[in-house]
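I've put the structures underneath this note.
Two complexes follow with subunit A in common, the first pairing it with subunit B and the second with subunit C.
Here is the complex of A and B:
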C-alpha cells in the first residue's frame, strides 16, 4: 500500500514530463517487440551466424517496400518443384529427362538461381547435364557432371548448386553468349547466370532486359547401369527485394536480425545496469558507513578502476576470452559500478550523521539494520536515474565491442550487424538497409532510456527542475 | 563536592572528556606537527538523581550536546567515567549495550524534521525499537503498542497517524512522535537535546508539559540540554552552566538563575530578552567573543572575557566549589 501510494505520486510527477513520456512510449514499444519477437520474426536466434540456415534467401537485396515506393514491382522469391519426367533408353543405357517449366513474366532478373536435384540410379555411375530452353528456342547448357557410387546396386546423388556465381556455370554461359556474338565480360549484369533470362538483342547493346515467356529448366541424366530416375527437382529463383528490411550478403533476413537484436540489447543494458547499480550501491554504502581506513581503501579501488580506460581494456578482455553474451555482461558490469559507488558513499556519509540514524543507534539497531532499513531506502531514489542512464551506456559499449567484431558471434546484436555491414562493404555498395536500421535502433533505444533517465532525475533531484 | 548516596542517583558523570582530533594535512604529518584537538568536553562531572530533570545550558559550541551523546555512548569519550544505574557504561559489551543501556536510556533530538526517517510511516518509526528488541511478536501487537504510546504523547486518535509519513505532520506532532519512539522501550532516563528549540513558541509549552507529565507517570529522569535559560528555569530541578567544555556553575535551577554567582552566568542572564517593549537590554557584562576550543586560554577559560578577572585568573584553573548548600561555582571570586 505504501509502495502503491508512492508509485502513484511518482507517476503524477512523471506524466507531466513530455520527454519522459516519449522515452516511456519508445520503451513500451521496445519491450513489446522483445516479447513478441518469436511471433513477428520466428527464428532461432542462435542460428543467426549459421550460413546454411539462410542459404536459400536472396543475397543483399533491399526491402520490398523500397521497390514499391519507387513504383517498381520486385520479383518474388520463387520456389519451383513441379517437374515432369520422361524416361527412355539410349544405346541400351537408361536415360531420364526431367523438366521444370517457368512462365517468366517479370521485368527484372532474378538475383539468384539455385537448384537441388536428386538423381537415383542402379549402376556404377551416371552422367548428367542441366540446361535451359528459352522462349526464343535457344538452349543454354548450364552445368554438366558425373556422379559415381561404390555401391553398384543402388546409387543416388543430390546435385545442389548455387548457379548464381558458379564458375562452371559462368564459363558455360560465357561460351553460349560468345556463340551469339556477345562478350560476357562486357555485359552489365548483376550475375552471369542472369544472361539466361536476358533478351539477347538488348544485351548486345548492353541494355540488359529480361526476355519474357516460357522457360524450362531441364536435367538429362544417363546411368551406366540399369535404372535411373529423378526423384526431386527444385529450382529457386532469388527475389529482387525481401521482407521489411531486406537481406545482407549472406541472405540473412535483416528484419529478423533487428527484431531479435532488441531483446538482446535490452538484456545487456538492463542486466548490466541493474547489476552495476546494485553492486555500486552496496559497495558505496558499506564504504561510507564503515568509514575510516576501510573507506579510504575501498575508495582507492574505485579510483583505480575509474581511471582505467574502459574500452581498450574491454577490447583486450574480449580478444583474450572470445566472450559469450554473459561474459560481456560481466565485463561491462565490472566497469559500470564505480560512479554509483561514489554517489552512494557520499549520501551514506551524510545519512550516517543524520539524526534519524543516530536515533536508530540509540534504540539499539544493529549496523546491518541501519544500513538496510535506514540508509539504502534513502539512496535508492537517487539511483533510479543512474539505473536508466546506465542502460544506454551498456548498450552502446556492447555495440562498440560487437562492431569491432568482439561481441558474442552467435547472436544477432545490432553492433554485430553493423560489423558485418562494414566488412561486407555495405556502405560502398549503397546497401543502406544493412547499416542504417541497426544504427538507428541503437540510437533510438539509447535515447529512450536517456529521456526516461532525465525525467526521473528531475523528479528525484528537485534542484535540477526547470521552472 | 558532596555526593549523594548511590541509590537515588541514576547517572553519574566523572571527569568526562571528549576531544575530537583535527584532520591533519599531509604537510602536518611530514612536518611532525602535533595533532590538535577540539576539546568539546574537557572534564565534566555531575550526577542526575532519579526522577530529576537536570538541565545543561550554555552557548552553542560549549559541549553540552556532546556531553549528552557521550553519556549514551553514541560518541565514545576520550576519558572519564559514566555510571548509569550503578554500572560503568564504558565497560559494557555489545549485548549489554543493547539489552541494558539502549533499553533504559533514550534520546530526543532537537530537530524533529531530521530525526524521523522520511521514508517510514509513523507506525514503523515508533514500532522500530519494539522490533529491534523483539518485544512484539505480531503486527497486531506492534500496532497496539504503537497506538498506546501515540495516545500517551497526545497523538490521538492514533489511527489518524500510524499510516502517515513524517512530512505530513507538523513540527510539534513530529516531536511527539520522536518522544513516543523514545518511550516505547519504557526507559528510565532520557537525554532531551534541545527538544523545543526548533518549535514555535506556542507549541513549546505543550511539549514541555508533556515531558513533565511523562516524568511523573513513568518515573523518568531527564538530562535536558538547552541554550534557553527561561526554558531551563521552567522545566529543570537543577541546572549546570557550561562554558567551553566545562561546568562553571551548578545548583538548583532557581538558585542559579535568581542568584547567579559566576560572571558568565550573570552575563547569560543579562542577555535573556524580556517580553516588555519598555525594557531595554542593558550593558551585558562580558567582552569579546568565544575563543576557539582548539587553543584554550590558560587558567580560567573565561578570563579573557571576564570583567572581574584578577591576579590568579590567567594562571590557575578554578575548580567547582560549593559556595552555598547545593550551589557550586568554579570561579576565583569565591
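Here is the complex of A and C:
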C-alpha cells in the first residue's frame, strides 16, 4: 500500500514533465513495434543472414515512396511463369520451344533478370538456348548450355541463373550489341543485361531508354534421345524500388531488418541495464554496510573495473567467443554496474547511521534483514534514473560492437546493418536508405530512455531541481 | 604540501598499472590458444618445406620414416620456442614481452613502410589518432566551458534550453553514425570535403600545404566528435556552474561590484573546474572510443581503422597490439586529467581529500 502511494505520488510529478512524457510516448510506440514485429514484418529473424533467403529480391533499390515523391513510377517486381510449349522434331531429334511473353510498358530498366528452368528429357543429354525476341523483331541470345545425365531413361535438370551479371550473358549481349554497331563498354547501363530492353537507337547515342512493347523470353531445347520437355520456366525481373525501406546489396528487405532490430535492441538495453543495476545495488550496499577493510577492497575492484577501456576489452571478448546475443548482454553487464555500486555504497553508508536502521538493529534484526528491508528499498528510487540511462548506453555499445562486425551474426541488429552498409559502400553509392534509418532508430530508442531518465532524475534528486 | 597530491597521484598510477596489466593478461589468456595454433601451423609448414626443398626427402626409405623425422623436427622447434609448456607458465613471459613493447609480427597487415612488426604498424598509427583525438578534445574543452558558462548565466533562456536538449541528445546518438551522415552530406552529396583519408593523393609537398590538407581532411571527423560530445559536456558545466552561482560568495562578489563577466568566467569557473575535470575524466574514454569508430567511417588511418582492418583479416597480433596501445592511451589521458584535477582541487593539493577516488 505504501509502495502504491509512493508510485502515485511519483506519477503525479512525472506527468508534469513534458520531456519525460515525450520519452514515455516514444517508448510505448517502440514497445508496440516490438510486440507487433511478427505482424508488421513477418519473417523468421534468424533468416536475416541467410543470403539465399533474399536472393530473389531486387538488390540495393530505394524505398517505393521515395520514387513516388520524385514523381517517378518504379517497375514492380515481376514474377512470370505462364509460358507456352511447342514440341517438334529436328533431323530426328525431339525439340521443344517454350516462350514466355512480357508486355513491357515501363520507363525504366529492371534491376535484375533471373530465370529458373527445368528441362526434362529421355536420352543421353540435351542442349538448350535462351533467347529473347524484341518488339523491334531483333533476337538476342542470352545463354546456351548443355544438360547431361547418368540416368538415360529420365534426365532432368533445374537450372537457376542470375543473368544480371553473368559472364556468359554479358559476352552474348556484347556480341549482339557489337553486331548492331554498339560497344558494350561505352554504354551507360546499370547491368549489361538491361541492354535487352533498350531502345537501340537511343543506346547508340548513349542514352539508355527502354523500348516498350511485347517481348518474349524463349527456351529452345533439343535432346539427344527420345523425349524432351520444359516443365518449369520462371522469370524474375527486379523492381527498381522496394517496400517501405528499400533493400541492401544482398536484397534484404531493410524494413524487416529495422522492425526486428527493435525488440533486439530493447532486449539488450533493458536486460543489460536491469542486471547491471541489480548487481551494482547489491554490491554497493554490501560493501557500504559491512564497511572496513572489505569495503576498501571491494571499492578498489570497482575502481579498476571502471578504468578498464570498455571497447577494446569488448572487442577482445567478442573475437574470442564469437558471441550470441546472450553472451553480449553478459559482457555488457560486466561494464554496467560500477557506477550504481558507488552511489549505492555512499547512500548505504549514510543510512547505516540513520535512526531507523539503528532502531532495527536494537530490536535484533539480522544484518541481511536490515539490508533487504531497510536499506535497499530506500536506494531503489535513486537507481531508477540510472536504470533508464543505462539502457541507451548498452544499446549504443552493442551497436558499436555490431558495427565492427562482432555482434551476434545471426540476428538483424541495427549495428550489423550499419556494418554491412559501411563495408558495402552504401555512402559512395548514395544508398541513404541503407544507413540513415538504422542509425536514426538507435537514436530514437536511446532518446526515449534518456528523456525518461532525465525526468526521473529531476524528481528523485531534488538537489537537481534548481536547474 | 605536495604529499597530498603525491599520494593521490601514486594511487591513480597504481590503478592505471593494474588496468594495463589486467587488459594485457585478458588478451593473452583469450587469444593465447589462437596464437599458439597459428604458430604451430607455421612451424609445421616451415619444417615440411625445409625437408622437401633441402632434398633431404630422398634420404628416408619409407614415407613413415620421413613422417617421423618431420614430427621430430617439429617437436624440437616447438620445444625450442617453449610452446610445449602450459599456458599459465608461458603467459608471464608473454606478459613481460608485451609490456616491454615486444609485440611480435603481424599475420596479414603491414605498415605503410612495409614492416610486419606490430610495434612499427602501431607507431605509424598512434600519432594520427592522437592528432585527431587531441584536436577534438582541446576544442571540446574550450567550447564546452564557454557554452556551459554562458548557459548557466542565463538559465531558462532559449540558449540554455538548446544546450540542455543537445546535451541529452548527445547521449542518444552514435558518434560514428553521425559521421556517416555528415560524410554522406558533405563529401558525397555536396562535395565540400574529401571522402576520407588523411591527406590527398598525391600529398602536397610544401609543409604548409600539407598541414592545410590534413586540416581539410580532419574537418568532418572533428566536427562529428564535437557535434555529439559538445552538448553533453556543456550541459555538465552548466549544471555545476548554476550550483556555484547561487553560492554566497558569488552574491558577495556581485554586491562588491565585480563585473558580471568576471564573476562568471573567473570566480565561478574557477570553483567549477575540479568537478568539471572529474566529468572530463569519466567522459574521455567514451570520446576516445567514439573517435576510434569515427576513424573507420572517415578512413582516417589511425588506430580505429586498424581495428577494422585487423578484425576483417583476423590479424590477432595486430588486434592485441592495438588493444594494448588503446589501453595505454586511455590510461594516460585519464592520468593527465587526474593530474590536472589534483593541481586544481585544493583539497587534494593540501592532502585533505583522497578518500574514495
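We take it that the second predicted complex is superposed on the first by the 462 of 467 C-alpha atoms of A that agree within 3 Å, B and C clash if a C-alpha of one lies under 4 Å from a C-alpha of the other, contacts with A are read in each partner's own complex, and residues count from 1 in each chain.
Everything below uses one rule, namely that a contact is a pair of C-beta atoms (placed from the backbone, for glycine too) under 8 Å apart; a residue touches a chain by one contact, two chains touch by 3 or more.
For clarity, every value in this text was computed on a predicted model and none was experimentally measured.
Enquirer: Overlaying on subunit A: subunit B and subunit C, fit or clash?
Expert: fit
Enquirer: In the overlay, answer first, second, both or neither for which of subunit B and subunit C A:315 touches.
Expert: Second partner only.
Enquirer: For A:364, using the defined touch cut-off, is the partner it touches subunit B, subunit C, both, or neither? Pick first, second, both or neither.
Expert: The first partner, subunit B, only.
Enquirer: Name the contact category of A:303: first (subunit B only), second (subunit C only), both, or neither.
Expert: The answer is second: A:303 touches subunit C but not subunit B.
Enquirer: Counting only touches as set out at the top, which of subunit B and subunit C does A:385 meet: first, second, both, neither?
Expert: Touch status of A:385: no partner.
Enquirer: Specify the partner with more touching residues on subunit A, choosing between subunit B and subunit C.
Expert: Counted on subunit A, the partner with more touching residues turns out to be C.
Enquirer: Could you work out the angle between subunit B and subunit C as seen from subunit A, using CA centres and rounding to the nearest 10 degrees?
Expert: 60
Enquirer: Determine, under the contact definition given at the top, whether A:182 touches first (subunit B), second (subunit C), both, or neither.
Expert: In the superposition, A:182 contacts neither subunit B nor subunit C.
Enquirer: With both complexes overlaid on chain A, does A:281 touch subunit B (first), subunit C (second), both or neither?
Expert: It touches nothing on subunit B or subunit C.
Enquirer: Once chain A of both complexes is superposed, is A:355 in touch with subunit B (first), subunit C (second), both, or neither?
Expert: first
Enquirer: Looking at subunit B versus subunit C in the superposed three-chain picture, what is their shortest Cα distance in Å?
Expert: For subunit B and subunit C in the superposition, the minimum C-alpha gap reads 9 Å.
Enquirer: Enumerate the contact residues on subunit C facing subunit A in the complex.
Expert: 15-16, 18-19, 22-23, 26-27, 30-31, 34, 155, 164, 168-169, 171-174, 176-178, 180-181, 183-184, 188-189, 195, 238-239, 242-243, 246, 285-286, 289, 292-293, 296-297, 307-308, 311-312, 314, 316, 319, 322-323, 326-327, 330-331, 334, 356-357
Enquirer: For a test of understanding, state which residues of subunit A touch subunit C in their complex under the given definition.
Expert: Touching subunit C from subunit A are residues 19, 299-300, 303-304, 307-313, 315-317, 319-320, 342, 389, 392-393, 396, 399-400, 403-406, 418, 421-423, 427-428, 430, 432, 435-436, 438-439, 442-444, 446-447, 450-451, 454, 464, 466-467.
Enquirer: With touch defined as at the start, can you tell me which subunit B residues reach subunit A in the complex?
Expert: Its residues touching subunit A are 69, 72, 74, 97-99, 102-103, 106-107, 109-111, 114-119, 121, 128-129, 132-133, 178, 181, 185.
Enquirer: Going by the contact rule at the top, pick out the subunit A residues touching subunit B in the complex.
Expert: Those in contact with subunit B are residues 2, 354-356, 358-366, 369, 373-374, 377-378.
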